[in-house]
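Each structure below is given as structure tokens.
Note that chain A is present in both complexes that follow, paired respectively with chain B and with chain C.
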Partner chain A sequence: MTIPSLFELRDGETDLTMATKGSSIEFRSVRKTYGSFVALEDFSMTVAPGEFMTLLGPSGSGKTTALNCLAGFIDIGDGDILIDGVSIARVPTEKRGIGMVFQNYSLFPHRSVMGNVAFPLEMRGMARDEVRRRSLAALEMVRLDGLADRMPHELSGGQKQRVAFARAVVFEPSVLLMDEPLGALDLKLRETLQLEIKQYQRQIGCTVIYVTHDQGEALTLSDRLAVMDKGVIQQLGTPQELYDQPASRFVASFIGSNNILKVFRSEGSTVSIEGLGAIEMTGREPPSRGYVALRPEHIRRTPKGRASATLEQAVFFGNAIRYVLRGTDEKEVSFTEPRSGAVDVPAPGTEVRFDFDDSSLTYLPA
Partner chain B sequence: MKRLLAVYFVLLVGFLILPLIFLVPISLSASQFLEFPPTSLSLRWYAAFFEDPTWVGAAILSFRVGIGATALSLVVGTLASIALVRGNFPGKSALTAIFIAPLILPTVVLALALYIVFLRWQLVDNVFALTLAHAIVALPYVVMIVSASLRRFDTTIERAARVLGAGPIKAFMLVTLPYLVPSMFAAGILAFFASFDELIITLFVSGGAQTLPVRIWNDLGLKLDPTVPAVAVMLTMLSIVGMGIGEVIRRRNEQRYQSATPPEA
Partner chain C sequence: MTMRRPIILLLLAPAMLLVGLLFVAPLVGVMSLTVHDGTSFTAEPIRELLGSRVALVVLERTFMLAASVTAICLLLGYPAAYFMSTLRPRVRAYLTYLILLPFWVSILIRTYTWIVILGREGIVNTGLGALGLAPVKILYTNVAVHIGMVQILLPIVIITCLASMLDIDKDLMKAARSLGASPAQSFWKVFFPLSVSGAATGGLICFILSLGFFVTPALLGGRRSIIIANLIDLQVHQTLNWGFAAVLATALLAITLACLGVFWLLMRRRVEFSGAGLGR
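Our next item is the complex of A and B:
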């Protein structure tokens, strides 16, 4: 009797084992240094089975270091990493049962597409027929079964990454790591593959840790994401939480576009804010110091607005117009206005009055 | 200026290959002596080579020693390259220099040193000892070519093999070694010819045994008939074929790996 692999399920069929397909992953205060450089500092997080977790941050923020510790390419310094509650600190890479997709695809150049996808199964000593059947099923999932005999150098970038993905999941790992898998591809292809990745992951049910520096990608794909900087998790939460309630200036500016404005002082219900001037707040207690973040889509143009600034330029976005203003204190403030029907765009140099809901302000510490 | 450059080019290439071209008609001469241009053509000196058991014996010995030295230097040289490229230990650069040294050291010095050692251990006139000596001369080629290739290897491919289930040795054998094979082949060809045309060390340590170069050398002292040019032409053909095969393999490999590893984003 042959057990059908996950990739062979037809649409609408449900795999009963799916609920247990993913593993839980736990980082326990991992610390990793290279000489005096701290790559990872007190790195702790728990990823639920089947969850899509993204590590987002600029280069050098420690996200790849965390991934490499989990994969076993580098020793875990201090701390521990557990998969399904079991420490993997002393388990060699090949025994961790992890699937991985790399930025530069890292296909085996001397093996065909089929040979690449079959590799993990061959390493697990599976019978030849079974290897072939499962490899083909995985290739079918990524719609490359017609190219099984091609060599990697005969494939396009997108095809290579699909092969790399099929190779990483063909043995149905409970954990899948992806290190900037779309980084080498152009924007259009990236968006297509994002959707595919998400769909495959739901189908397979594995736990994913995804590393990227592209915040848009992180918001699209993740169940939760951790924003990292200088080896430390700055904030961890769902895409919506991080977008709506950034905890720091770093997160507020890294995710989406944002106006980050300094708070000068407040007297009673009036607060003086960089770029906006003195604002009379009614809805909520005004911030006394630190910063506020104000998303461009939360600002609207209105003749009775509480703030005003000089229009520097209006940028045409197709479905919206982005206004870039400069306040009397030279601070830049920008906002987007959805473009439905005829809109009278003021000329640069004009004074523009605008307003916002007090509830859309996020208070940030200094 | 352009014409001057063309003249320089013709002179240089001529200087490099003209002596070889002269050998061909001389070897095809029907005469008893080295004559140029030959008055009549024949293949008699090629036949003479195959009919003389001392020539054939010398060729067979050269092949035996050459193949043995190539195999030995490839195994040792590849392993050494891995240590020199991937390892991190004190004295690494000194060790690299030692592996390259036989190429730079005057061959006479090496020959004399080996002769003294072989005398003491009674290894003179021993085919295996001769093979070992040739392997020393061939080793630098292997270490240089294989380490250069290993340094260019994208190690994430090996990491991919590891994380997908291969142990360190398996990952090396299944992923890194196939990558190294073409450069090992190129190194092997150089190593083989380093041994095949080795004369000085062989003269010192071979006792009486004659490899092809030694046989030619001995012939020069006695008489000089067109057998020697005939041998020389055959050796040249052999080298051209060897280099040709090496080049074809190198190109095929380059294409694969160039498109497989795009530049770092």
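Our next item is the complex of A and C:
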């Protein structure tokens, strides 16, 4: 099955353009410093054609630097970047054929919606009729063909974002970069646009590198994601791998919410864990040192539970209740309980017994 | 909370009084001289203006001088402002300070300085003489007037251009590059259209100031460099023909206002989107 070009959506002509295919991207130990500040350290990563790869991390983690190296806005320091196996270190930005969506949209304020979307085609010296046809097709894809003559300042945030997206893909780049494209929008709109972006990307088939600090967005959109901190990839994998098997405390705490608890000592099958106290483990070998991560949804309230703590507060979440407990060692442990049927929520100050499956514990290094 | 109308009027009163007494009233007085000689109405000054070849030649010369000075200021000022817009803020602040430095020196002194530099025994001609070259006559020509006026007006043009350039989001040029534009294309297709309204504003200010220049043409120019302000001065101080002076001044004012009007019509659309750019 071939991937349909976005222009087929308009008139059903299959030979109008060749279907866009994504390119492979390879970062080879890229290192970038600014004075004594190391923005990227030994950054290596291979992205498959058509893959949706997210760089996730707090600000200053190097994710935007990696994106700017790939786009050509800053020189690749040490190392190399290859697109389809060819080094792009000496290729200027405009010749890399990479589409990009910026955080603040960067629409040209002096050009209409149509003028913005037509810009990359005009730069490629395409005939006027063809420019118009393709621009309209791209605008139709993002359902803005009715606003072609508007100026950017007459658009809402979500509309601007869609125009920026249409402009970045209208010339059918094999690679699309997105730098926090939803950062300036409100939550409801972000969720809608996340689904749209994913859908468009499947239609177009280009390789996407997406930069965000929003872990929820990263989990929703990505085929794979790289969690970055201090210029280094901390862990790279599918959203499920990173959620279920975080390799470090940083990843465990950055993705989803988590209880990260210190392991004190273990004797035989009994282990002493911060916040939980002495736990008799039967299902698996207990951790000897370091930390364990325990997701809130893996803890359940039960009268015969192995651990107990004082309830500090119960927070109403609509579909669930979040319990915040404090152990005898003052460590906070929290868990969520789905609200199915009648639930008797204990009063704050009550002693709550709880338990978990040993298999749901993730062992982390110190 | 909005203030009540009487309070607003009260707060505005001192300024309005000052402007009314010291600007509007004398202006009306001058303009009335064009149709009234103090005792009765007369059409003599207007007839004199229309019949005077000198006045029309000088008016045309004033216009051409203002236009060429403005063109030179824009040609020199726009690239300088562009260069400054690419610098780091600290360096830019330092350069801005240097550009504004001449404002601390009186225009009169700066103009006399050009006499020292360009005169027959001036620095330029002594230098040329030392090299065994013939002296050139610059002082008391239109060239000297241009040099003097450009030197005075250039900082204004640079600062006006720079202000509008700094409002342009630098990511727009990055976006243009990523969309396939060469550095030259991203300049001409994106940066230039967005900075042109600021440059036009600088040009307009320069043009209007040039129309009313007096000291520089009087000191650096020859008889053929007389412009309208000098002619008005001549009527007031030498020939004591106040009616003619008034009609010349009114013509200058009318032309200036007409320029503003044309500029406003041309720029209306552009201002719309550059204003929107500021609010982003």
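The definition used in the following text is that the second predicted complex is superposed on the first by the 349 of 366 C-alpha atoms of A that agree within 3 Å, B and C clash if a C-alpha of one lies under 4 Å from a C-alpha of the other, contacts with A are read in each partner's own complex, and residues count from 1 in each chain.
We adopt the following convention: contacts are C-beta pairs under 8 Å (C-beta built on N, C-alpha and C of every residue); 3 or more make two chains touch, one makes a residue touch a chain.
All values derive from a computational prediction rather than experimental measurement.
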{"item": "Fit or clash between chain C and chain B when superposed on chain A", "value": "clash"}
{"item": "Contacts of A:119 with chain B and chain C, given as first, second, both or neither", "value": "both"}
{"item": "Which of chain B and chain C A:106 touches, first, second, both or neither", "value": "both"}
{"item": "Contacts of A:94 with chain B and chain C, given as first, second, both or neither", "value": "both"}
{"item": "Which partner, chain B or chain C, touches more chain A residues", "value": "B"}
{"item": "First (chain B), second (chain C), both or neither touched by A:73", "value": "both"}
{"item": "Touched partner set for A:183, first chain B, second chain C, both or neither", "value": "first"}
{"item": "Touching both chain B and chain C, residues of chain A", "value": "71-73, 92-94, 98-100, 102, 104, 106, 108-110, 119-120, 123-124, 151-153, 167-168, 171, 177"}
{"item": "In the complex, chain A residues that touch chain C", "value": "71-73, 92-94, 97-100, 102, 104, 106, 108-110, 119-120, 123-124, 151-153, 167-168, 171, 177"}
{"item": "In the complex with chain A, residue positions of chain C that touch it", "value": "169, 171-172, 174-182, 185, 189-190, 193-194, 270, 272-274, 276-277, 279-280"}
{"item": "Touch list for chain A against partner chain B, complex", "value": "71-73, 92-94, 96, 98-100, 102-110, 119-120, 123-124, 151-153, 157, 167-168, 171, 177, 180, 183-184"}
{"item": "Chain B - residues contacting chain A, complex", "value": "154, 156-157, 159-167, 170-171, 174-175, 178-179, 255-262, 264-265"}
